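What follows is a set of notes on a single structure, which appears directly below.
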Amino acid sequence: MTKKINIAIIGASGYTGAELVRLLLTHPHANIALLTGDTQAGKKMGEVYPHLAQYDLPALISLEQADFSKIDLVFCCLPHATTQKVIAGLPQHVRIVDLSADFRLADVAVYEKWYGHPHQAVQLQKEAVYGLTELAREAVKEARLVANPGCYPTSAQLPLIPLLQDGIIENSNIIIDSKSGVTGAGRSARQANLYCEITDGMSAYGVASHRHAPEIEQGLSNASGKAVMVSFTPHLIPMSRGILSTMYVSLVKGKTAVDARQSLSKAYDHEAFVHILAEGIWPATHQVKGTNNCLIALKEDRVAGRLILVSVIDNLVKGASGQAVQNMNVMFRLPENTGLQFSAIFP
Amino acid sequence: MTKKINIAIIGASGYTGAELVRLLLTHPHANIALLTGDTQAGKKMGEVYPHLAQYDLPALISLEQADFSKIDLVFCCLPHATTQKVIAGLPQHVRIVDLSADFRLADVAVYEKWYGHPHQAVQLQKEAVYGLTELAREAVKEARLVANPGCYPTSAQLPLIPLLQDGIIENSNIIIDSKSGVTGAGRSARQANLYCEITDGMSAYGVASHRHAPEIEQGLSNASGKAVMVSFTPHLIPMSRGILSTMYVSLVKGKTAVDARQSLSKAYDHEAFVHILAEGIWPATHQVKGTNNCLIALKEDRVAGRLILVSVIDNLVKGASGQAVQNMNVMFRLPENTGLQFSAIFP
Amino acid sequence: MTKKINIAIIGASGYTGAELVRLLLTHPHANIALLTGDTQAGKKMGEVYPHLAQYDLPALISLEQADFSKIDLVFCCLPHATTQKVIAGLPQHVRIVDLSADFRLADVAVYEKWYGHPHQAVQLQKEAVYGLTELAREAVKEARLVANPGCYPTSAQLPLIPLLQDGIIENSNIIIDSKSGVTGAGRSARQANLYCEITDGMSAYGVASHRHAPEIEQGLSNASGKAVMVSFTPHLIPMSRGILSTMYVSLVKGKTAVDARQSLSKAYDHEAFVHILAEGIWPATHQVKGTNNCLIALKEDRVAGRLILVSVIDNLVKGASGQAVQNMNVMFRLPENTGLQFSAIFP
Amino acid sequence: MTKKINIAIIGASGYTGAELVRLLLTHPHANIALLTGDTQAGKKMGEVYPHLAQYDLPALISLEQADFSKIDLVFCCLPHATTQKVIAGLPQHVRIVDLSADFRLADVAVYEKWYGHPHQAVQLQKEAVYGLTELAREAVKEARLVANPGCYPTSAQLPLIPLLQDGIIENSNIIIDSKSGVTGAGRSARQANLYCEITDGMSAYGVASHRHAPEIEQGLSNASGKAVMVSFTPHLIPMSRGILSTMYVSLVKGKTAVDARQSLSKAYDHEAFVHILAEGIWPATHQVKGTNNCLIALKEDRVAGRLILVSVIDNLVKGASGQAVQNMNVMFRLPENTGLQFSAIFP
């Protein structure tokens, strides 16, 4: 492949936008052709993100100024609820990876219930492909519109879906206790996310009410063949990047941790980005920082019939922009790890 | 009470020792009379902890140099396994609050199983009182030897014991997902606890194998009247102080979150240090930093019949040195909050 | 003294307001009678600062609702430029400690130059006392209006003023390189102060243009008897509290580091809060966290005739609210360390 | 160039060794052929650094087991004082980039004075090239042994050397106030570098006695033609990576900040890694995190005739392993930025 993919990033002034730029700058087949950011329109990217000042990048323009005629692929990084209309208005020739939550829920009634307003692009929703790449590769290949998964749902579904598909774990009594770095909250100036409010402390939030719950449940229900409801609690941790999810599940009678390990090995041993750790090794978010990797560990609990799993991802990479690039690679028939082959940055 | 309590701190060079000094320096009835620290013997406390350099404190001496003849109370902050023999060798007139794990497990067989060697002071174990103050006040009052609870067990037992005692929650299927600051790991020079290994990342550890599990189970079993086994996973968070425990439990058929809230209110509304938060308010570790408080919040899960609780403490205060001072106050018939009435330090 | 001081805090919703509340809650002669906060009016203090929720405090009201008739002392924590008019409007019987920059510069022309608008309470300025307590105790005692010093100026003037007064150091070629924690930036929701923008990195700001420069120069000029101009660079450090200032000065010919040490000892050996460290000991901000202390160390440079000094304070305590309480104690003839005698919180 | 460079890393278990691995893994002409680490011999690199577990790397062996016969280049990451003998014992065909301080000081008497023992490879010292790449490129090209500069010296010399060479600033009265992240202290288990000892606080260290002072002075003296002595104070900041140096210098009479800017532009405008920021823009360490860049800003002080400069680097990259790879590229006639072209990772 010699021709480069002409890429537009809509909503490039947020953290996921900046992370896409970081990844695409060294991607051999990407050409960052267009950056929009309504509140920052007119600024250079290096003014909004000084760490990018040394690069030759298009200036930020407003969405309405954008000309998509030569664009091959749009990454859409807008907040939810604004995205549906914007994507509905894009020309038909562009393919889209949407990083918002707007097209992730196949059932528009579920969307309406959790987001508080009717879905505004019901027809588009029907063709959207939920892009958890490892588990949806063939559909992503052909998709015009990929709904890039949420960060928490990526960390939970990668370990749990194969176990449900293979009948290793029960579809009830699933507890997902997730811990996230603060980049997940975005770059908006909110008092709650000030340095002094976050550092050296932690809290739970969205207990039994976080919008990623139905997204997780959609994936697990599809895998299990029955409606699954999960206990899901996210927590905010004083770190920039990283999600660690600790999952407590029930083994199907007769199944063991060995079966669970085999199921996950079967699903992921040939994968570039998902790695099952050897018994007794537990992952840290440090180990995936800056990478598109997901590390998974598991162990039988002391409580009979219970299994504990831990997964880690970098929420900005595998949980957002990295998986978006991975999906782009699939859509454009590139090797899936193109531009994503760097090691974690530690310490 | 005019006479001051003459206090010895054995193992004063660790973080819990330094925290005891901080708390006792402004305690109106405490006289810090003796500090031991074998590896630091001969040094001033201000050399070991420069933040204490402005205070007139006894120099650190070795344990064998210590004269306990005028000591009323010993706080013992030694590592587990060394403590049993040391305490057995103390003169009979001193009362003891032991901050190690050595006397917390009433059943010496359980101790031997988890700690890998026989208990070395079996007779003393029989008289030891497990000092979760709010729930053991009367016994603490008369005790010669108080086993000060562990940090994780304090955070888990305070919310769960009343609910089990009152028959609000089932004694099975209890999940305790705990997150701790790094002071819990102590001041020993270990590579794993270096700044660069910890900051900006997190991990689980001791999955299904942490020694605080049997301590929690002992308390919950006593409360429930049946043997309880819990799923317990601790995590290491990049913060100095604080524990947040997220607990997932099953309501007894017919019981609701309202019943749970009433049970906890009944147990703690008259307490100085344990506070049940109003519905919809969730605690952060910031809110207890430097204090002896435990904050508890709860909510019925979306999954029918499930309840989620969150508790926070400062692991060095209510989880160690503060509860030790609280126990001293009870033992010496002082108002329980004497010397413990400061607000959290935030930000 | 049995009657308590009735205290109003104007602008109580910022970090310095919250810190005043923390300090005054355990002050034996303080009664927090009135809290104003225009943007938060109607809320309980515990809603704005959950770590204060357990205390019985007056609700926040707007300034115009405030009744000062029974107030003895006002702490004013408003942003600069709004303060002059507010204080001018207070009834004559109240005494005031102002934590803003509005009354710190005796020369209203200097104020106008650095703040870009004419001083709005010129008469009041004439009676304002600059409250660097150790060096202005007698004037503070009688003052109606105390201008509480800035955080950087406190850290720089305490070490440098005695050396200039005693003719130990030259009044030229003074370099002050200061490093501050993020609480200095206040609680306003600004993108630049988000957790992810601050953590794990640092920067200089206000290079050769920070408004604390003229405040420092005022104090040093008074001490030296000649106009002093300093090189002053502040830096933002990923920590909540603390200022460390590194100062590079020239010794007057014939003077040595020994003379400098004697000068500082003479000035501060009898002080409760300012401590000169022994040779070879250098201070860390940890050692003053939560306290009203200032630690100072010094050493002759390898470069002949040059002296290096390092000072540390907690910017929210000795650099703001603690020094304000210290000034209150002086104004009301209380022992100067009343309510300020706790040790640093570490770790 | 098709043949890969066979590389050995001696002392690969430290942070600079791990960072070399990170950089070389994606370097198109590097083959990591040999890793030594005496204390970790026998372990896989992924056991010592779990973030590298997904890569196929040679296991760590002891130095005495190492066979250098097929090695083209050695990166030596041993602690100082052990390095001289080790390098003296390497076969003549290997070229060496030494990251220790052992060959940085051309004058072995200066080495002996600051390191407390005689230089142990005096002949080798004579051929060693001090590898501040931008300013020593031609010599590096031909060198067998490159002494890779220290982190602080890199941050100070890059801005100051051109200004001295061009006669813009005086060679006296140079103050360098440097702030470093904690990776600079290495991975040894020392109490002082524990998370809880470092986080949320800062301190100065090595005041007027740090071993990087003579290294800086060597470079500045060579540039100036006269012996230069500097005031240099390093500080430890709670961040993993990054050095920020604030420099206060005197302009030669008649010279201005404009001249200084021109001098630096002339020196660096054609460089890939050194960037002079536009007036009014000040750098943050965030902007170079993970990169080999050095950003420099400058401004005339309010004090007449004084200039303030700020530089930032990533201490593990441009301050150590990145500059080492840059030197390797020069030595092997590769484009200098080969393998070093990634953007900073932020946030």
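So that you can tell them apart, the chains are marked A, B, C and D in the order they are listed, and the count of residues begins at 1 in each.
Here is the rule we go by: contacts are C-beta pairs under 8 Å (C-beta built on N, C-alpha and C of every residue); 3 or more make two chains touch, one makes a residue touch a chain.
Model, not experiment: these values are computed from the prediction.
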{"item": "Chains touching both chain B and chain D", "value": "A, C"}
{"item": "Residual chain groupings, excluding chain B and keeping positions", "value": "one piece"}
{"item": "Whole-Å gap separating chain B and chain C, where each centre is the average of the chain's CA atoms", "value": "37"}
{"item": "Where chain A and chain B are represented by their mean Cα positions, the distance between them in whole Å", "value": "39"}
{"item": "Where chain A and chain C are represented by their mean Cα positions, the distance between them in whole Å", "value": "46"}
{"item": "Residues within chain B bordering two or more other chains", "value": "15, 183, 196-197, 199-200, 238-241, 283-284, 286, 289, 347"}
{"item": "Interface residues, chain D side, partner chain C - complex", "value": "173, 175, 177, 179, 181, 196-197, 199-205, 207-209, 213, 229-231, 233, 235, 237-242, 244, 246, 248, 282-286, 289, 299-303, 306, 308, 310, 347"}
{"item": "Touch list for chain A against partner chain D, complex", "value": "15, 18, 21-22, 25-26, 49-55, 183, 199-200, 240-241, 275, 281, 283-284, 286-290, 293, 341-347"}
{"item": "Residues of chain B that touch chain D when the two form their complex", "value": "15, 182-183, 187-191, 193-200, 238-240"}
